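Note that chain A is present in both complexes that follow, paired respectively with chain B and with chain C.
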Partner chain A sequence: MSTKLEVKNVSYEYSPNTPFAASALTDVSCAFEAGMITGLIGHTGSGKSTLVQMLNGLLRPVSGQILLDGRDIWENPKQLSRVRYRVGLVFQYPEYQLFEETVSADIAYGPKNMGLDGAEIDARVREAAEFVGLEADLLDKSPFELSGGQKRRVAIAGILAMRPEVLVLDEPAAGLDPIGRETIFDAVRAYQQAREATVIIVSHSMEDMAKYAERLVVMSESRVILAGTPDEIFRRADLLCSIGLDVPQITRTMMRLSELGLPCRTDIFTIEAAKEEILRLWGKERENA
Partner chain B sequence: MLKDITLGQYFPGNSILHRLDPRVKIVLTVLYIVALFLAKSMLSFVFILCVTVLLVLLSRINLRVILKGMKPILFIMVFTMILNLFFTRGEGEPLVHVAFVRIYREGITTAVYMLVRIVCLLAGTSILLTYTTSPITLTDGIEQLLAPLSVLHVPVHEFAMMMTIALRFIPTLIEETDKIMSAQKARGADFTSGSLLHRVRALIPILIPLFVSAFRRADELAIAMECRCYRGGAGRTRMNRLHMHIRDYGALVCMVLFGAGIVVLNIYTSRIGYGL
Partner chain C sequence: MTDPYLQIENLSFSYPAQGEGEAAPVLHGLNLQIERGSFVAVLGRNGSGKSTLAKLLGMILTPTSGKIRMGGKEITDPALTEDELFALRAGVGMVFQNPDNQLVATIVEEDIAFGPENLGLAPEQIRARVDSALDTVGMRAYAKHAPHQLSGGQKQRIAIAGVIAMRPECILFDESTAMLDPTGRAEVMQTVLALNKEGITEIFITHNMNEAVLADRVLVMDEGRIVLDGTPKEVFAQADTLRGCGLGVPQVTELFEVLRQQGLPVGEPVISEEEGAERLYALLNQ
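This part shows the complex of A and B:
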């Protein structure tokens, strides 16, 4: 396991030297492993979105460093756009950034800025559309004719077409229905596996994180307070609850069952695992009876 | 960056200026501006400067905030000063005469007067109105001041509602612009380098989403207002009605005295021959 992107003692403050000054990040350090999906969770206002904008150099840390493959991204500020092609950032509600006449032109905006030639751009647009499951006949439509979920996928494809080594998504599934959520997360996972990309997902949904994330970073009040595998994190239910977060619903159910006296495991975060555990208990009960 | 614009922003507080009736404040501002342009002599400008400083103190708003609000017009200030300095022709010998450049005593005084006038204009009006009055009360004040015009079928209420909505959405749109800019930067957009044409083109990916979202917001707002049975101004009552207090009458009297003071100072200085 190697570290792809590292945040080292980073601090940030909004509107410094005004009555509205507010600290957004305080001495934050964390590492994102290459080729893994890392979930970034935290209550509203915990600094997640600020941290995310640091990762591709949209915000400059007041102090500290962001290291991409071991090199400070601010080492040469003129090369920042190159960093932004390598670290693709999908904002919250990215469908509001669409502007081109056709879907394919909008997806091509990033690659065009990279200075690629026509054939390469075309290939990338097709590939990105495929990742997010956009049908070919949608490519010539205006992005403003599409449904909300489709627009979201176009916007994500716009980032994927840059073929970033690190893909960062801020609440990619916010406001979508369950099928829409699944489509998005599956697209992200398909991209991660095909390109061996490092993925960072900001999310409020513990269920989604339990299902997709391989590692989790927990933020509270502009600090990173926990980092580890979902297993390690969701064991700390008390701590999570105390900072306004939660464990997945299914974990809650298992914890309640155990409180009620059933000898079941509580380190269960997905429905599949819960099903197995309950069947196991059920089997045991039957034997006893 | 974009969020740092403070011109026309309200700073919550509880000073006497915050508590004045918005109608009075609008009238005060108009009187204040008239007084500024009546001033002709050094004494009256000193007087204006003193009153403006007093206003700043009364508002209890950080001086740094006020100075920051002036930054955007710094260029205009410098430009006006330079123009006045070099192009005012005075009587008598010029103070400096190098080649075609002639600077007269009158030039210097006019330049300084203009500077004082612009600074006071901006500081005074923003303290009297925008910094100390929330946009909502401000439009309330405007609506009531203009109410007599509705006899002439001027749609005063609609006008005030439009103002309220416009003011309400300025910060929202600024935030939105910031967000869209960041999103396009993440896709490699570059707004700072290249030829002028290139930079203008680079704005398209910001402007289109911004317009789309402005129309979307307008649509949503219209629906939300209709859901709450908004049908325009006729027969609409208010929850918070404006009342004049003693302090409001007092403020009006002070401002009239201020204007009168300037006129008197003008006449006085012209009598004793200091009028410049």
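This part shows the complex of A and C:
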């Protein structure tokens, strides 16, 4: 395992030197492993979105460093646009940012700014559209003729077309129905696997994080308070609930079962794992009977 | 025992044709009756017609054909005057997805007063309504705050307070929890349940299955039609139909389904984690 992106002792304050000064990040350190999907969770106002905007240099730390492949992204501020091609950021509700006349022109906007030639841009637009599952006949339409879920995918494709090494998504599935959520997360995973990209996803859905994230970073009150595998994190249900988060419903069910007095595992956060555990207990019950 | 608040007859709606395209039908001959004081959750994938239905009930859109009666009045009667429509709209509140799009004033209590002021009420009546609405959503302490100082869940409660101050008989929630974190969702759901206890009829559109479980009735829409209608238990027992409509079931419901497929005698479907844990306990502790 190697670290792709590292946040080192970063602090940030909004409206510094005014009576409204508010600390948004306090001495935050965390590492994002190369080629992995890391989930970033925390209540509203915990600092997630501020941290995310640090990762590609939209905000500059008051103190501390953001290291991409070991180098400070602020080492040469004139080169920041290059950092932004390497670290692609998808904001919340990115479909509001579509502006071009056709879907393909919108997706091509990033690659065009990178100075790529026409054939390369074309290839990247098609590749990105394929990752997010947009049919070819949609490419010539106006983005405003599409459904909300399709627009969201166009916006994400616009970032994927820049082939970022690190893909950061802030609540990519907010407001979508269950199938729409799955489509988005599957697209992100397809890109991660095809490009060996490092992915960071901000989400409020513990169920989605349990399903897709390989590592989790937990924020509360402008600090990182926990980091580890979903297994290690969801074990701390009490702590998560105390900071306004939650664990997946399946985990709560197993915890309740254990409270009722049945000795069972409670470090379970997917339906598959719950099924295995119940079948194991059922087998034991059968033996004793 | 039927005391219908809402009666929908053969309701259809199409958005008007754009350019050379044809008119896109969204709702197809919907029939529906909703009891006064009930709490009805509406599920359906994006584009299934849920929000269009909500906008028709909130009198933001008018139907292409069909009738809607609400609280004994036909709201789709073409002979209604502007004034009559205004009065009818005051009886139906709407709470939308994004709290930041719904708050208009710079101070919480002024925002809540916006509706009653437009009703032309006396200042003391407005004051009383604002205070009581703030109490109902548990936000009295924030009366003098600016909306941007509040969390998402708090902002949605202020949006709800603004609706309550109009004293509506019915509130339509259109994905009002979609943008909130788990605490914010819980706050809003508590408020929704408390208002229903006070007798307000609620129609609650959501993508969150765990919220729909709290309703007394669940409607599932797909392609402009109602495809399932029943108690949460009855509806979530139809896991395959739900999946066909692009929806899912709560995790605990799905667990029981896979255990049944494995041949375990798990019995009827469950929808809550409490009931699920109890049933598993009984099963594994015979």
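As a convention for this text, the second predicted complex is superposed on the first by the 289 of 289 C-alpha atoms of A that agree within 3 Å, B and C clash if a C-alpha of one lies under 4 Å from a C-alpha of the other, contacts with A are read in each partner's own complex, and residues count from 1 in each chain.
The definition used in the following text is that a residue touches a chain if its C-beta (ideal position, glycine included) is under 8 Å from a C-beta of that chain, and two chains touch if they have at least 3 such contacts.
Every value quoted in this text rests on a predicted model; they were computed, and no experiment measured them.
Asks: Let me test your reading of the model: by the given contact rule, A:207 touches which partner, first (chain B), second (chain C), both or neither?
Replies: second
Asks: Mind telling me which of the two, chain B or chain C, contacts the most residues of chain A?
Replies: Tallying touched residues of chain A, the top partner is C.
Asks: Quick check on the superposed pair: does A:172 touch chain B, chain C, both, or neither? Answer first, second, both or neither.
Replies: neither
Asks: Could you tell me if A:39 is touching chain B, chain C, both of them or neither one (first, second, both, neither)?
Replies: The answer is neither, since A:39 touches no partner chain.
Asks: Quick one: classify A:246 as touching chain B (first), chain C (second), both or neither.
Replies: Only chain C; A:246 stays clear of chain B.
Asks: Figure out whether A:257 sits in contact with chain B (first) or chain C (second), or with both, or with neither.
Replies: It touches chain C, and chain B stays clear.
Asks: Can you pull the chain A residues that chain B and chain C both touch?
Replies: none
Asks: In the complex formed with chain B, which residues of chain A make contact?
Replies: Chain A reaches chain B through residues 15, 18-19, 53, 56, 58, 81, 84-85, 88-91, 94, 96-99, 109-110, 113-114, 144, 158-159, 162.
Asks: Where on chain B is chain A touching in the complex?
Replies: It comes out as residues 3-4, 11, 62, 65, 68, 176, 179-180, 182-190, 204-205, 208-209, 212-213.
Asks: Please output the residues of chain A touching chain C within their complex, sorted ascending.
Replies: 43-45, 147-149, 174-180, 204, 206-207, 244-246, 248-250, 252-254, 256-257, 259-262, 271, 274-275, 278-279, 281-282, 285, 289
Asks: In their shared complex, at which residues does chain C touch chain A?
Replies: Contacts found on chain C: 44-47, 97, 151-153, 175, 178-184, 207, 209-210, 246-248, 250-252, 254-255, 258-259, 262, 264, 273-274, 276-278, 280-281, 283-286.
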